[in-house]
Amino acid sequence: MSVATTITTPAAVSNQPLQLGLGGYEAIAPTIILGLTALALFTIDSIAPESRNNTLLSGVTVVGSLIAVVVTGWQLLTGAGSVELFSGQLVVDGMSLFFTFIFTSVTALVALASHEYVGDRAYQAEYYVLVVLAATGMTLIASANSLATAFVSLELTSLPSYALVAYLKDNRGSVEAGLKYFLIGSLSSAVFVYGISLVYAATGSLLFTEVAATLSAGIDGSLTGVLGIGVVMILGGVAFKTASIPFHFWAPEAYEGAPAPISAFLSSASKAAGFVLAFRVFLTAFPIDAIAGVDWVLAFQILALVTMTLGNFAAATQETVKRMLAYSSIGHAGYALIALGALTGAANQPFVLSAGMIHLLVYGFMNTGAFLFVALAEHWGIGRTFEDYNGLASKAPVACAAMSIFLFSLAGLPTGGGFLSKYFLLIGAVEAQTYVLAAGLIINSALSLYFYSRVVKAMWIEEPAGDLSIEGYPTGLYAAIVTAAVVTLLLLPALAIFSDPALTAGSGLF
Amino acid sequence: MMIELLLGVCLVGGLAVFLLPDRYSARLSFGISLLPILASSYMYATFDGVGNALLEGSTLAFETRVNWLSVGPYELFYHVGLDGVSMPLIVLTTILTTLAILSAWTPIDERKSQFYGLMLLMEASLIGVFAALDFFVWFVFWEAVLIPMYFLIGVWGGPRRKYAAIKFFVYTNVASLVMFVGFFLLVFGLGDSVQSLGLPAIAGALSAPGAVGSVGGLSPNAVKTAAFFLMFAGFAVKVPVVPVHTWLPDAHVEAPTPVSVILAGVLLKMGTYALLRFNFTLLPEIAQQYALVLVAFAIVSVIYGALLALAQQDLKRIVAYSSVSSMGYVILGLVAFTLYGLGGATFQMISHGLISGLLFLCVGVVYNTTHTRMVGDMSGLAERMPITAGAIVAGSFAYMGLPLMSGFVAEFLVFSGSFAADFAYAPVFTAVAMFGIVIVAGYYLFAMQRTLFGEFSVSTDYEITRAAVHDVVPLVVLIVLIIALGSAPEIVFGMIEDAVRPMTELTTTQQADAGPAGMLGLGVSLLGGVLL
Amino acid sequence: MVGAFEFAPAIAALPFVSFLVALFVGRFMPKKGALAGITATGGSLLLSLWVYLAVLTSGDPHVEIVHTLIGVTDPFSLELGILIDQLSALMLLIVSLISFLVFVFSLGYMNDEGETGLPRYYAGLSLFSFSMLAFVMASNLFMAFMFFELVGLCSYLLIGFWFRADAPPSAAKKAFLVTRFGDYFFLIGVVGVLGTFGTAAFAGDGSFPVLAEQALAGEAAGINTFGFDPQTWFTILGLLVLGGVMGKSAQFPLHTWLPDAMEGPTPVSALIHAATMVAAGVYLVARMYGFYALSPTALAIIAFVGGFTALFAATMGVVKREIKQVLAYSTISQYGYMMLALGVGGYVAGVFHLTTHAMFKALLFLGAGAVIVAMHHNEDMWKMGGLKERLPVTYYTFLAGSLALAGIIPFAGFWSKDEVLFEALLRGMDNPIFLVAYAMGLIGVFFTGLYTFRMVFLTFHGEPRTTIAEDPHHFGWNMKFPMVVLGVLATVVGLINMTPVAELTGAHIEFLHIWFEHGGETLTVEHYGALLEQWAGYGAVDASTALVLGSGAVSLLLALAGAGAAHVLYNVPDPDEHTDKLGSIKTVLFNNYYQDEYQVWLAEGLTANVARGADTFDQGIIDGAVNGVSSVSLFLGDRARRLQTGVVTNYAALLTLGLVVLLVAVGILGGWFV
Amino acid sequence: MVPSQYYLVLSAAVFCIGLFGILTRRNALVFLMSVELMLNAANINLVAFSVQNGNLTGQVFSLFTIATAAAEVAVGIGIILVLYRNFNDVDVTTATTMRW
């Protein structure tokens, strides 16, 4: 029982490359900035509890998250090496920065869009605080380096999300969504933590690196089953976050019932958080060649195939746009899972992984944009179904153009980076010789083209209903949507900016 | 920089038209679309490319190559350039777009700015398809074409436009995905011997013996074959080859005239162009090994497509199905892999672009005045619309391959090319395919007799007047071009010949095995014989 | 006189110019483009004369590339060139003469009758002349095919000139479609020739007939016969080209379009039948005779088809009511004779008959046109009668033409037809097939005489049977002049080759023979004779004077017999339809042996049904599959939604189930449970 | 000392009891309690194997788990409250306005 019992020695900590004056904490600057933003919001709220100064609150949130975006971007592009903090509990490397960039930018967009959406509802400060705290949790997930931090930061992300989904507490849909999200979430986290406990039982450690070391040293054969069950249960916990089947059941309702900006936030950022956790846990803690008898690649292949298929097929016949987007977001989780499912020996593994990362990045913008458009529609109160969108383009051409960019990019047409990232994943699937995944991707994206273009058709082709009228062009929402559209569009020619860091970050885990 | 100029003019102009109010768009877009014509004709005049863009010893005209991004081990470049095959196609694109815009003045009366803007965007993506030499750049343009087309059919189309648009959209998109997989199967077969996805690089790597290794369980040859047929399946949809042609008639019938012109005139050529560039330049040995299967596809397209055209009552459907038939000749020529086969096929792309464009324009003019396209609904139009009738007669005879018109040269070259091809029973297959020229004559003569001649009558009560000038001008321009190409094909063919001759040197001497493929081919030829 | 050849292209170019003039500015011109056409064809006529003289003096053929379509040398280039030799010079003369006269005649027939759309008419006519002249000059088979097709187009445009009625467009369509069917084989032939020899030139050492001969002699290399024995392959090629010939020259079974083609204006019929379209086929065979001479099979088929058509068409001509119909069938029959001649190796005889026929058939059509004008466009002979006194000029010229057609000495037709039959007889003496062909031709002579004079008597003799016939419409010089010119020619042109007389007197007056003995060594009649002897086994038969005279006498007697029969039956004041006595045979004849019926059935009945079937299959099966896929996936999508029941407990259950399944799957593969 | 398998069996039993509760009971509060059971099943493992492996990681982490469980319950109760307000019931199966 003396396997890998050593807790990380101070020596291991001390010889880190970037131990500067700030004690290396500047490495997690984004997290800290977000935390401070949350505190600032608390302060504002405590000073003027009854004020409904939406602009101030969202302004602070936007500014805070934008600062975080800039810092992250700078760190990402200057390529800070891998920094371990708190005796290895946290690690800041290309991977975590890449995803932190996604989280923070999505947060900024959502906060910007919420300006009109929240309008003058009660508990605004709480709303923004919860958003920012969830974002903080995500950044922590991105850099979590031990199962303990992973679980805690996961909870830090989930608990605010539950509350946010149920934010419209007089709206049955929102509450029901919150409930379902919470119930499935708590169940999943129970599964997750139980899995952790089993892995701990088998390896006697929670640090990814040590777990990996123990595994590569080889564990007592009688514990393989325990380890395996633990790994699969952890996979379950991750699958909940990424809304992958069979842990996806909360997603359609949560995305449909929640306030649209929150749906955007969850379906883009929270999903990405799940993926970064998956990447890190399974690649650092359970390396494919080290872990014997637990073929989690196969598990992810099954998951990917089922998820993308079920998600897209269910999306194909929806009546409401928001629910269609919810299912499509499940489908995209399936696409992104290819990044893990295609990690077979034949594949160029860093590339496959980076393809998944790039897809999540682009998805962060196009999907957020799409949901924000739904938020706009809800703001105008023109209804939820496809028919309600008929002829919208004649009233709001810019927003509809942006929406078309999002949808086509989601469908994998060259109106944005979604085109490239999806085809990178397809390349990965083919290269890994997981032809089933390739075929699934083909069939599903063909189908997805059908239901995405239903929205486009409604907006541009169909005749508007007689009483279609919209009041006002909310600045924040428009700003957010147009920004997302521009970024999505630019990610087609300018993807190189991110594809190279993604590749380096991806190869960092092998 | 010329190509970038072309693209830029179309993109910027398209956006400008899109944003400006409707009342300017028609004339403005026409004016803008003249610039690409000028540019492309200047390029044509100063064209200095040598050889085939993908093959050894070629010099590209107007080449640009800039690093774009890296996909795993592969460097992607923004790489464009022209050779003798792509140059004429680009000129064709610019000309047809302008004529299409001109022909839109009459029928398009709502959301003009969007319509003309999309037309210009479409022109940009089409030019891109023909100019791009790096796979991903090419593929971006290839897919980008779908978007304006979807709107152009879906918004301004006929009664069943939504169905037609989505059918076209999804069908061709699936095809692209399949083709994509095929291409990358081939790339992975090449292993580390390629570091970029530039088509010339891949062609070069493939030219080395035994370049393709085994992928997964597949033997090298199996990899090539699979790649070939996956790509063929993908491109066949665009061409279209029977049996994956059914999106075409719907799209054509529903699309407004200007869009049909682009669809038939240029869009279908994307498929054959891609076949020439990918299947037949990258994998010639597979193309020859399975020549008989491919010829079977070609013949079925020719004969079956012509028969379908014979059965139609809607003028647009007639032209649409005869496009299927004519594109079959292109396949025939490509498979032949002789100079005149390949060159004729390319020439047929240009020629068919002009001729089908002309006929769609004619049908459009007729429809604008009579508001019907049904053969049974009209007769004796020649009395009221003499010029249009003349144009229809000219177009129909051009389609029948009348000498001194471009169609004849193209088809004659294809036939002589495939007659001398070195797969089994080449003359028999050629003869069977040639029977298309009789059927084609059949349905165009019947259609003309019923619509143009006889006692004048139209079932729809509209004032039948002479067509407007801006409707007639495109017809005249096209007729002039068709006759010019027909009486002096060297204008284009010199360039084409220079570009396709290197391909003929790719031909391995191996005779196509008359195994199962041969039997299948013979079966088809017998089928043709029965029809004959 | 080299100068002449430099102007040779102009012979074709002039009518093309007049085509453009008539098309674009015709409507502003006094005679709507007629004058342009007359000038142009007149110019062509003069130039052709000049060229003819040039050939006569120099003797050598003139070959020249005018325009290169495809300049690639490997595998072969496609060029437009001119070949001026004895044959083409003669033909140019004929064509330009006839078209000139037709233009003049049209002044009266169209302008004076106040037809509309004259620019279109004259443009078509000019284009017709242009295409035919270019075809005649063609230096290679490819170019020949091109203008062969253009001739087809012009016939389409002109037959369908009166497009407002229903019949003309339909007839035009039929004409083009039937000939197109023939041209399909022709096109295969051209492609095959180019693929085989790498050239399609008619004349010169590198020409394909020469190469073919060398191939047979085993001298030529690099000739791809696609795995066939050379002679077989050449026969196949020859027969393929022959398909086009039979289409255009209206040989059985592709003759059905020609009678319908009478729907066109009569001058056009004259042009089509005498000089252009129908003549093109036979001319083509003569043009590449050096190739056909290598293949006895092809020759036999040509001869037999010719002989059969000659008789077959003549029988049908007997029962027709309309004057132009009679002429139409006579045309078919006469071209049968030419084919017969060429098939049996009578090269000169064939061309001779082509020449004479051009004269008298043009004359007859113009005469018929005059009669029709006089009869206010009524063509039924039974409504005529007694026009002799009222239209003397027409009558006498028409009579001359009829005598020539019937083959009555000394009119042109006698000499040529007699020589044709004589050649056939010679060949028949050592080969039964040719004997049969000869016999059919011979019987044909009788029917020819019969229907010709039936026509003459019904039209001009007896009492007027209608009021119109009593007071016919009169017409001007512009219609009389061409008839007179042709009348004279029809009478005398036969004198250029009076073989029987030559036999009797021994004088060298077979000018046509002499004419064809000169020229490029691969184009002379001797060369053809040598080829025939060497490869087709047509040994030279020494024809005794008795035989010559005998055959001449027989055919003359038969012709007279036919004419006599007609005289007895129809040259009475008030003739009645004796053909009724034929009963059911008449019906068969009247319906042209039901040739149209099955061909129309093939074209419309069968093909249309096949097409309809294909369409149903396409819509139902192929497109059905496409739509099926989409509806199936949408159905599946609808099922997939149902998984989301909305009850959170079910979610938990499904979640657990999924987890367990995953555990078991991974577990079994990981072998935990062992 | 007690073999580790016993702890595994115990924790698995507790976990399954919790799961059973979730699958069978419809009262939201009972649902919460069942989740608590499952979390504690994990805690049993952590503590037990912390001893077995001779390091404190497990025990420390179990404290975190308990804390987060508490937080979770807090949020949960809040949501259940609004659920009751909107649906006048704490039965988890009543809220089914969104499905398919």
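Letters A, B, C and D mark the chains as written, and numbering starts fresh at 1 in each.
Everything that follows uses one rule, which is that a residue touches a chain if its C-beta (ideal position, glycine included) is under 8 Å from a C-beta of that chain, and two chains touch if they have at least 3 such contacts.
What you see is a predicted model; the values in this text were computed from it and never measured.
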{"item": "Chain pair with the higher count of C-beta pairs in contact (A-B, C-D)", "value": "A-B"}
{"item": "Subunit B and subunit D, separation of their C-alpha mean positions in angstrom", "value": "64"}
{"item": "Whole-Å separation of chain centres (CA-atom averages), subunit C against subunit D", "value": "97"}
{"item": "Chain centre separation in whole Å, for subunit B relative to subunit A (CA means)", "value": "43"}
{"item": "Chain centre separation in whole Å, for subunit D relative to subunit A (CA means)", "value": "25"}
{"item": "Touching two or more other chains - residues of subunit A", "value": "179-180, 183, 187, 191, 252-253, 450"}
{"item": "Residue numbers of subunit C (touch at least two other chains)", "value": "630, 641, 644, 646, 648, 652"}
{"item": "Touching two or more other chains - residues of subunit D", "value": "22, 92, 95-98"}
{"item": "Pairs of chains satisfying the touch condition", "value": "A-B, A-C, A-D, B-C, C-D"}
{"item": "Interface residues, subunit D side, partner subunit A - complex", "value": "4, 8, 11, 15, 18, 22, 28, 31-32, 35, 38-39, 41-46, 48-50, 52-55, 57-58, 60-61, 64-65, 68, 71-72, 75-76, 78-80, 82-83, 85-87, 92, 95-98"}
{"item": "Sites on subunit D touched by subunit C in the complex", "value": "19, 22-23, 26, 92-93, 95-100"}
{"item": "Subunit B - residues contacting subunit C, complex", "value": "167, 170-171, 242-243, 245-247, 304, 307-308, 310-312, 338-340, 380, 382-383, 397, 400, 402-404, 408-409, 412-413, 415-416, 419-420, 427, 430-431, 434-435, 437-439, 441-442, 445-446, 448-449, 452-456, 487-490, 493-494, 497, 531"}
{"item": "Contact set on subunit A toward subunit C in their complex", "value": "179-180, 183-184, 187-188, 191, 224-225, 228-229, 232-233, 235-236, 245-247, 249-250, 252-253, 293-296, 298-299, 302-303, 310, 312-318, 447, 450"}
{"item": "Footprint of subunit A on subunit C - complex, ascending", "value": "630, 633-634, 636-638, 640-641, 643-644, 646, 648, 651-652, 654-655, 657-659, 662-663, 665-667, 669-673"}
